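Both complexes below contain chain A, partnered by chain B and then by chain C.
Here is the complex of A and B:
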């Protein structure tokens, strides 16, 4: 590993100033699970590391208009075990629980994982299905982006030089709605998904028809993908095998998987169709339970 | 890994061939290539800069033209390049063929590519996509250069 300078500013403004001063040479570090691995492999060799660890309040998980705001420095384990997340959005706690091993979840942060923009991660998939937004801060001010617009290419995000992810805001589920995350994991429990799908389904008050749905997939392209075509097929329809098949076919047309040691592109495409059916079935079941509760 | 790419350049075959066989000029159309110079009549050395996410590679190496068969409109070449900092490199064999195409000449490139060392693990899954993006830009550059009278 190449030698580097290390700064641990106490405030966000200080951190942004350091980033500005060192430009291309500087990288932000939070949990370090991704960056340190890449540095040890000498894939990246920043001359300056700016740690966000000592910035107070950046790790908070708090209620936000019925939904939840998660600070960038919250660890995966924090989200997994947060009573607030478990109560309001259990699917999100479950998604974070599926990430790697507990040792990694204790270190990896929510903001760091987003900034890393690895298309095989679990949380972005569920965050997209839930309609979450990423909060970004730079010297010119703050902005927010829907999570699906934050990912631009393989390990490339919408972050401009000098910008930092400061949090993610997840809205509450609509009434009579359910959500599910399914991870196809044929190898080891701590592996990346071969295909991952998250879905939310909202049903009519009588539970007969789908009102709206959101579907997102991971590990099937250079970024996480939102399957808008399949979502459109569901609105106004009754649940059934035919509908799930149609959604599966639409999803297969929307994904663009990469062949790797977890499977060929063709195999992942087929499995994406299968896993979408499973995710929708679970989300729909949860929506029916929720609809009964509100009647 | 082997892959085949195709594109159509809006110029006649003879002109495209003559241009493609002049390596330093062609190299100026490949995004990220710089400092190309001849070693001898068949070999060249130069640099290729590629970025994959946060990883910037600077591949330094050589390219050798093994075959130039104008009668068959086919050329073969091989390239070897290494990134000393990251530790790893590429070995490529490429075959170029020119055929008449709609509105110009169809350029077909068959590549047999090996990615070695640390960059392989990270880069392997996206190499094909990067190569496609590179070819698209290359074809555009080529088209505009030849369109301007080459």
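Here is the complex of A and C:
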């Protein structure tokens, strides 16, 4: 690892100023689980590290218009164990629980993971399916965009130089809705997904038909993706094997996986189809439970 | 005879210091003035080195030395066949081969400097595939391997390192007798041993020119010999100091970076530490050989094996240097005969040069590869014969008095008992709990390791006993077992026996750790030394007229006369005995037909063992080997593309975690007939080899998909099922 300078400012403004001052030489560090590994492998060699860990209030998990706002410095473990998240969006707690090991989850932050833009991560998939928005702050002010628009390419996000992720806002599920996250781990329980799928399904009040659905996938290309084509097939339809097969086929056409040691592109494509069916089944079951509860 | 301490589940005493970080491994050794060495490695599988320019590296502030092959003697190193240069000279033969080495006080500076060395390569045609390596006209990895010291004489092709044969009867005549003949080919993957501690070492040259070495090496005396050869120094000039070893699994017997650390120490006048990063371990350690194995078996009408021929090709990579056996091959090839009496047998095993990472020894070298092939082959034949795989095995198992192809004559053969116990404990014959669930079995056996060990046992004036040895504990708990042996013989408490680690200065020799020998050789050396001390104590007690358990008084009385009560023993077991240990395992798996995912629902392992000295340690060895076997079967694989390893971290090469381990049932058949202390046998390598074929056979039973190449990934099963749908 190359030697570097380190600063841990107390305020966001200070951090942004340091980032601006050092330009390309500077990198933001939060939990460091990804960045330090890349520095050790000399994939990145920043001359200046700006730590966000001393900035107060950036790690809050709080209710927000019926949904939840998660500060960028909240750790994966914080989200996994948050009573608020477990109560309102159990699928999100479950998704964060599936990340790596508890040692990693104790360090890795929500904002850091988003900024890292690794297409094999778990949380972005569920965040996309839930319609979450990422909050970004730069010296020119704040902006927010849907998580699905945040990832641009392999390890590349929409962050401009000098910008940092400050939080993510996750809306509450609509009434009579369910959500599920399916992480396909055919090799070992401790791995990145071979294919990951998150789905939300909203049903009619009588539970007969799908009103709307959102489907997102991870580990199937250079960014996590939303499968709008498959979503479109579901609206207004009754649940059944034929419908799931159709959604699976649509997803198989939408993904563009890379061959690696977690599977060939051909296999991942097939599994994307299978896992979409499984995620939709679970989300639909949850929606039916939710619909019965609201009736 | 009932024992006080032998057979008791005594816990590890070194656990606390290891998990708390207090244990000092070789990589933790610190001496005044210590600096770091880092290596630059080849990015090409086969190339001529046209030019190396170290100017920019040398100019980096903090760099103390930069060495290339031209700064070093043209010595070649190895464990048995000496074919590896210290640094690549004129030619690189695999991606990861060391080309230059840098020293700096700061390891980051040393590493930075390696990136500033400019090497100009001219590509040479590479040979990556072991089958392609042995055809006429294949690119040659070494121009004249026969000229290397330690090279075997037989060389059918310039890319063949060694040929190992095992023969019984007349194999051609045997096949003529056969009613049916079956032939199958299997492949196994490149796999790292997976020890947590990467290779690490410190070399310091004293003012009087003595070379002090701390190394993660399990054979200190062999290391001293090899260093003496590599450094062209007399052995008396070298002292190897023992440290705890963070896992060996066969991989910690080579020189690795130690000669380079010595030369950096020589030119800088400073002690030098070199620690491989895990990426370097995966790129240039000494992993398990990949293999291509073809078995052909002739069977009589009543299901008896009448003939078998086996051809094994082990992809040894660019150098033979990491193989320690005199044959420069892998003894595991002999397991082509399985646990069966085969009257007419020919096993031919070839270790082949290619432009890949050089391979070495890994827990039961060659056996997991061969047993996967052999035991899968057995099941495939049984199915063709419409025989239950257990029944087919029963008809062919070894019996008392049988001879193995490697010349061993067997006694106390418990193959049948072991198999039946496994079938019973696994409920093999019970109805399966559902569809897509299958059961499979596999068997193997393993000899008890031989070697030689020195031990000294001393009674202190405080009544406590010290066992002095120069045998490292590689993490197995061997030292605990040795303490138990001494405590049992002398009738003292465990806490009253401590280990004093000697260095290579203190004894003439020791064969070190390997081949499941330590309980046997170290245990017997400690046992006999303790017996001798016990006799001394009894004589002293009689003389003094005190009870023989008044140890402190006896020792003090001797001390007053200027004597220390101490006894030593050199135990040397030269040849393998007639006793072996059988293993039978049964896997129950579920296959997900939509994904091909294999879940091991339960696993039964049955072992024919000698006296169990420590049930906890014994079970730890069984489970550890089994889990390694599980990783080998289902997930572990170092992937290469044209000689380039694409899985350079343990995030990519997946080892099993605690969550991946199925419910285990262990059955121990204790039979006190081993050559070890208190009639112990060996266990360290007994549980690894049959796991993969047991799972492969269970997968075939569950879904009809027969996977012939490891690891058995979900993807392979999925596409095999698709293929079956297409062509039922």
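Criterion: the second predicted complex is superposed on the first by the 295 of 295 C-alpha atoms of A that agree within 3 Å, B and C clash if a C-alpha of one lies under 4 Å from a C-alpha of the other, contacts with A are read in each partner's own complex, and residues count from 1 in each chain.
Here, contacts are C-beta pairs under 8 Å (C-beta built on N, C-alpha and C of every residue); 3 or more make two chains touch, one makes a residue touch a chain.
Remember, predicted model here, so these are calculated numbers, not experimental data.
**Student:** A:267 contacts which: chain B (first), chain C (second), both, neither?
**Tutor:** Once the two structures are laid over each other on A, A:267 reaches chain C alone.
**Student:** So, does A:3 touch the first partner chain B, the second partner chain C, both, or neither?
**Tutor:** In the superposed model, A:3 contacts chain C only, not chain B.
**Student:** Tell me which partner A:41 touches in the superposition: chain B (first), chain C (second), both or neither.
**Tutor:** both
**Student:** Could you look at A:153 and tell me whether it touches chain B, chain C, both or neither (first, second, both, neither)?
**Tutor:** first
**Student:** Taking the superposition as given, does A:259 touch the first partner, chain B, the second, chain C, both, or neither?
**Tutor:** first
**Student:** Would you check which partner chain A:188 touches, where first means chain B only, second means chain C only, and both and neither mean what they say?
**Tutor:** In the superposition, A:188 contacts chain C only.
**Student:** Spot which of chain B and chain C makes contact with more residues of chain A, would you?
**Tutor:** The partner with more contacted residues on chain A is C.
**Student:** Which residues would you name on chain A as touching chain B in one complex and chain C in the other?
**Tutor:** 41-42, 260
**Student:** Using the touch rule from the top, collect the residues of chain A that touch chain B in their complex.
**Tutor:** Touching chain B: residues 27, 38, 41-45, 117, 153-156, 222, 258-260 of chain A.
**Student:** Would you pull the chain A residues touching chain C in the complex into a rising list?
**Tutor:** Listed in rising order, the residues are 1-3, 41-42, 184, 186-191, 194, 260-261, 263-264, 267, 270-271, 274.
**Student:** Residues of chain B touching chain A in their complex?
**Tutor:** Those residues of chain B that touch chain A are 52-55, 85-87, 118-119, 122, 124-126, 129.
**Student:** Using the touch definition up top, name the residues of chain C that touch chain A in the complex.
**Tutor:** Residues in contact with chain A: 108, 111-112, 115, 279, 594-597, 634-635, 637, 639, 646-647, 652-657, 659-660, 713-715, 718-719.
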